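Across the two complexes that follow, subunit A remains constant while its partner is subunit B and subsequently subunit C.
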Partner chain A sequence: MKDSIRKAHLASVTDRFVRGQMDRRSFLRAASILGLGAGALGMGLGRRPFYGISQASAQEQELKPSAEITKWLSDVGKPFAGTTLRLATESTPPSNAIATQLKQYFEEATGIKVEIEVLPLEQVLQKLTLDVASSLGTYDLYYIDQSWAASFSQDVFDPREQLKNADLAMPNYNIDDFLKPLVDGIAMYEDRMVGVPYDIPIFIMQYRKDVWDELKLPPPATLDDLLKASAAITDAKGPNMYGTSGQMKSGHYSLECDWTAWLWGHGGSIFGPDGKFTGNDEAGLAAMAYWDKLKATMPPGVDGWTWDGEGQSVGQGVAASMLSWGEFFPFFDDPKASKVSGLMEAMVPPKPAATLRTVEQTGFGEIPGVGHQGGSSLAVSKYSKSPDAAWIFMQWATSADTQALITVLGGGTGPTRTSVYDDPRVLANARVGAGTTRHLPVVRDTIANYMGSEPDLPAWAELSSDMIPVALGKYFAGQSGSAKESLDALKTQVDDLVAKG
Partner chain B sequence: MNGSFSTRMLRTIAAWVVVAVFFFPIYYWTSVAFKHGNDIFNRPPKLFAFTPTFDNFQKVFGISLGSGGITVTPGGGNFYMAPRVWDSIVIATLSTVLAVAIATLAAYALSRMNFRGRHSFVGWVLSTRMMPPVAVAVPMFFIYKNFGLIDTYTGMVLIHALMNLPLAVLLMKSFFDDIPSEIDESAIVDGASRFMIFRRIVLPMAKGGIAATAVLCFIFSWTEFLFALTLTTTSVKTVPVVSSTFVTSIGTAWGNMAALGAASIIPAFIVILLVQKHLVRGLTMGSLKQ
Partner chain C sequence: MRVAQARRFVVSDHPLPWLLPLVAILLVFTVYPLIYNIWLSFHEFVPRRRALEFVGTENWVQLWNDTRFWQSLVITFTYFAIALVFELVLGMAIALLLDSDGFGFGFLRGVLTMTLVIPPAIVGMMYLLMEDPQFGVISYLLQSIGLLNPNNPILATASTALAGVLVAEIWQWTPFMVLIFLAGLRALPPEPYEAAMIDGASSFQIFRRITLPMMSKVIAIAVLVRGIDLFRVFDYVFVMTSGGPGASTYSLSLYAWQQTFSFVKWGYGATLSLVTLVIILVIANLFIRIAKVRW
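Coming up: the complex of A and B.
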């Protein structure tokens, strides 16, 4: 083999190993075939591969639960060895990281088996509803989307109560470390804490800095900036590229999420303090007028997309920006999955066009803010046959150490604990590339200062996933008249449903 | 041979066009399984000119393509769906055998025996096909939970057999109806018992029909989603349910879904190949009799 070919192949193999596309054994085998002894690894390849290998080795060593936590798990878990715990969850970065890479450490330490059923969000709701209706305890742990918190509030243990059992309490679990806005927005319903915040997808502004620079546009710091820049990009680059994107599939929850961002951003709210629908008031109509104009700058297929299509449209360079879930940012930075790796910039959501309403001016605990927050809690089911074992697992899964591991392994999802944002392992991942965490400072700032949270009421699951997105879908399809007519009709429906309780 | 050369040529071309049209979705889906994320969404779509990758299969099945050829590392993929394909094979095969066995006996009785309510029985069987599965999924969940059938092979085999039974009975009855009853009468005159006639005369003649029914039952079981979702949790899963797990909070893993989908075509394809000879005969039985 020619030396140049051998070197090129060697570089390719090393690059694949560093990027995690090749396991250690295959790498060593390929390296030895190419005449590279293990001892030469650090000498012959220059700084980058050596650094990469060292880092990979370090990660293998470090990306494990701390010895202290493993010891606690081993001690407290002994009486429950042989128990099997079940959790039904959406396929989210935290759940996937636990299911595929982390739960083995918990199982080895405690002898408790954990079965994680990963499903699309709507099917998780179906499974949990069946479990509650039957009270048979098929699942020990519930993954509760924030829009279901009110519905399931009486079917789970309040973690504050569970923490009082000193025998099972994890040392330094520190429930106050969870970001307070998330506790209020995701986990609280009336006076009950419905689990602890588990994951936090939240709207942040993500835009193509190269395109903005090329067209000399100001960063989208206000809603007006966003509209003007989107129109300018669509004019300059359409139909190959559009200014912004959306998740506007008729009848899908994602459409309701977009709506609330524009509604809150124009000084509106879903409910008033009397619990009546207010999405059709003056601010609501201003939001719809803005949305109509913004939609004209989006790709033509936008009203068939959920967050999947929206993310792909940006990742493939069809749209130049999106005000949407920050979870997508690590995917955009992955050169294998997207065409915009290193080109995206994250910033906090644009400033609202009018003064935000206060919580007192809305209903059912609704918190207006352009940074629409999704997210979910993790809770122990009241019907679980092994609630103590489930509580041990829940503490481990939501502890600061595990959350840091999840953030690094799970592709940069937004941590729910303050301390995790400052964890050295998380900070070390803040570079361009797959699984980046370089957007997390923006996520943290958005949670603290710009977060909007949906109302909490038992009917909200139906309103947010069915009634509201169906009505909005009909409006954009031109089937329900003007924005005022559509929203007036929606008000009648919503108020009727809420009145029924 | 009928027709001129140009007519035959035209027919051949038309046949190839029809095959290409029907084969294209399969090709496209399978090609997605071999594409990187960027190539999947390329505009315009990359139909042929893309760099194939085994990454999706590696993640889904733990199969990797190295210098030593294909290697399988159970559990080595991110998802490792191979046991789930096996679950689907077991459930579809056993439920098909059960449904066809019961349906064959029931259909023969309905075709050959006169008893009160025979016609209304057929109507009742047909009516069960009209009921949407979602209407019974929740009650079935409670029944299954109480009988300990949730998340078991037995439970899934039973429900899929039950689901396929009405169609299988009606299909088999039409096949038995196509076999002239005079054959049975002749055998009776020769002293054969009813069961002997069924086993030695009618059943061999209905082989094609049985094959056609079995294939349909297998495919319906292979693709059934709602019961498989509702009545399983983690121990037993079928391919359609695990396919849905690729729909994640940050988008759909199309490459992984395509890898599982492309691989899951193979068992159904093998079943059809095995019974192909009988299948053609079964589907055309009506035109051969009487």
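Coming up: the complex of A and C.
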């Protein structure tokens, strides 16, 4: 087909879809044939930038839920036909894949309608907070960021308890298949399981192998390697290219994420076992000294970037590496979106500069590790008017089969189940190109061996999204004196807030 | 009141029947929220118990000791003062230039109104891109003439971030001032000008002795309307800097929003909003008295 004719057809079907003259399924099928990725539907929906649907993979494979799962849904869902379930979620790979491509299969099999609201993360928190404060049950399913686990732990069903209802239990759901470090890091608060792991962005090392080879640099296996290589690249190629990048926007959660990686990597921790702030101790100051040197090798705009700007800086060839979210990797491999397709290499995070603290040496369940983990859980609200129907949906959405489909459709997100990493559909996508999964072995290894996880306490949402990143932002803006003065002031603020509970 | 009396009342010239719906709407949507806000400022939401608890004057005491609050107050006043001065001076200058019926001036006046129909958040995003250190046109131009160090991006440097935000604010709202001043200028009587010109007064003398005094009420109204808006600045700082770097662009409204919605401190957020309201009321009333604004 000539390109001009293809584009004319594409414009025509898009026009019909927008005018409501064509259902979504037909549009997706037509658009897929004409070469338009379904990711276009999700454009601009959320703040996490690179969560499109993998056009290449969606076209190459027949991606549908297994017949066995569909039959179970059909059997168990019948009594709930006509029910409407609601979920408020951030724009994440699982939610986007389910909302745009997969939920139709669930709805057809069960007769249960699913409404998914995709919102910026802070708005999800507002909606959930209002929902629990009023106990209205507006949302049947809660998308719970790992930093809110403590806050919502009493407002959701523990999935281990729900599984005891044999009538509604999905055959072979296998809760033990979820990666244990994720269960501990994302879903557990004290003795309660706050949903099941649903989404796992995690820091991995991503670097331009061509640049490293050209300058004969050793792969960034240690933090010291990373610093030396970054400085060498900036010296050799700046100001056209810088050695590494960051997400250092003052006052933004992303800055706190970067900080923890360096802090943990220098043997420090946010809290001590007594629940007091320890980010200002010797290890904390060493981390800041390292960070200052590393920042000098980053592009000038780094103080204004969240993960979006950081990813773009690497994707557009401005920076040669980043220790950041692995979800960017499939975007880097997409030749239509980035200038570095096929040039990037993924590896586990650099080795720490000092021995990591143990969980016992930290506070509030903090797990030190250079591979900073984000992530969220999915749970059924205790205030839901249809908890059983919501539980059926939750099992389907987090089952191994659906998770595999999400991984392939969702642009290379890290699966939360062990079995999904070995799924043939996922392995088949491990090649250079859009939506690649070739970085997933590194993600798996990082989760198992190098993962760092933030503490769980009710005040953590405020600490991680405001107090800490504002204090760090002031430091880098030169508003608060030396690193020691800044962190000492931060300690006073943090300890006061934690003491208030 | 009997039916016949009520009917007479409704068809009479008395304005009350026609005002009652509006009064009811104001009570429901303005007075009730204000009273609830005051009540809320003496309470705090406790997430653990999912309940509002009475905390007495704790929120007000916290406000007094909150360095972030005082910092955001200073920033808001700075923002307010700088933006108002620029918008006033530029607005008046442009209005004087556009006060003509010559060919093309009508078109120019139309073009000026275009900025007003763009949502402030979108303007914030435009300027965010234009001030980007890598590809922003403003950064590029300033770097080209040596006014900006490439290593100090406008919005990520404490000393320039507020100026970066103010540029967007001034760009969008100066035309609003222009429109108000133009309307005022066009309504001025011609006789004093004719007399002044016959007496040989210079342009500056005419402006200072005739135009400015006669425009004073219009200027006062413009200052009042824009001043109230400026004190509530939220969109630009939210989109362009999120209050950073550090807390160098944190406005009072942004701080109140953050406490209320991000950290679920409804009581403290209500206290911050009330303080903002009180400050605006006090300043506006003082200004109305000093400038002798009459409604």
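As a convention for this text, the second predicted complex is superposed on the first by the 439 of 501 C-alpha atoms of A that agree within 3 Å, B and C clash if a C-alpha of one lies under 4 Å from a C-alpha of the other, contacts with A are read in each partner's own complex, and residues count from 1 in each chain.
The working rule: contacts are C-beta pairs under 8 Å (C-beta built on N, C-alpha and C of every residue); 3 or more make two chains touch, one makes a residue touch a chain.
Since the structure is predicted, the reported quantities are computational estimates derived from the model, not experimental observations.
Number of subunit A residues touched is higher for B, counting subunit B against subunit C.
By the touch criterion stated above, A:V318 is placed in contact with subunit B and with subunit C alike.
In the superposed pair of complexes, A:F106 makes contact with neither subunit B nor subunit C. Contacts of A:Y142 after superposition: neither subunit B nor subunit C is touched.
Contacts of A:P93 after superposition: subunit B is touched, whereas subunit C is not reached.
Once the two complexes are overlaid on the shared chain, A:L125 sits against subunit C while remaining clear of subunit B.
Of the two partner chains, neither subunit B nor subunit C is touched by A:Y242.
Looking at the shared chain after the overlay, A:K474 reaches subunit C, while subunit B stays out of its contact range.
Where the contact sets of subunit A with subunit B and with subunit C meet, they give residues 126, 133, 318. Per the touch definition, subunit A reaches subunit B in the complex via residues 21, 23, 26, 29-30, 33, 86, 88, 90-93, 96, 100, 115-121, 123, 126-127, 130, 133-134, 136, 138-139, 199, 201, 307-308, 311-312, 315-316, 318, 325, 327-328, 331, 334, 336-339, 411. Within the complex formed with subunit C, the residues of subunit A that make contact are 122, 125-126, 129, 132-133, 135, 151, 239, 249-252, 299-304, 313, 318, 458, 461-462, 465-466, 470, 473-480, 501.
Put simply, subunit C touches subunit A in their complex at residues 45, 47-48, 50, 132-134, 150-153, 155-158, 241-248, 258, 261-264. Every residue of subunit B that touches subunit A in the complex is listed here, in rising order: 36-38, 41-43, 55, 64, 66-67, 76, 78-79, 138, 141-142, 145, 150, 229-230, 233-235, 244-252.
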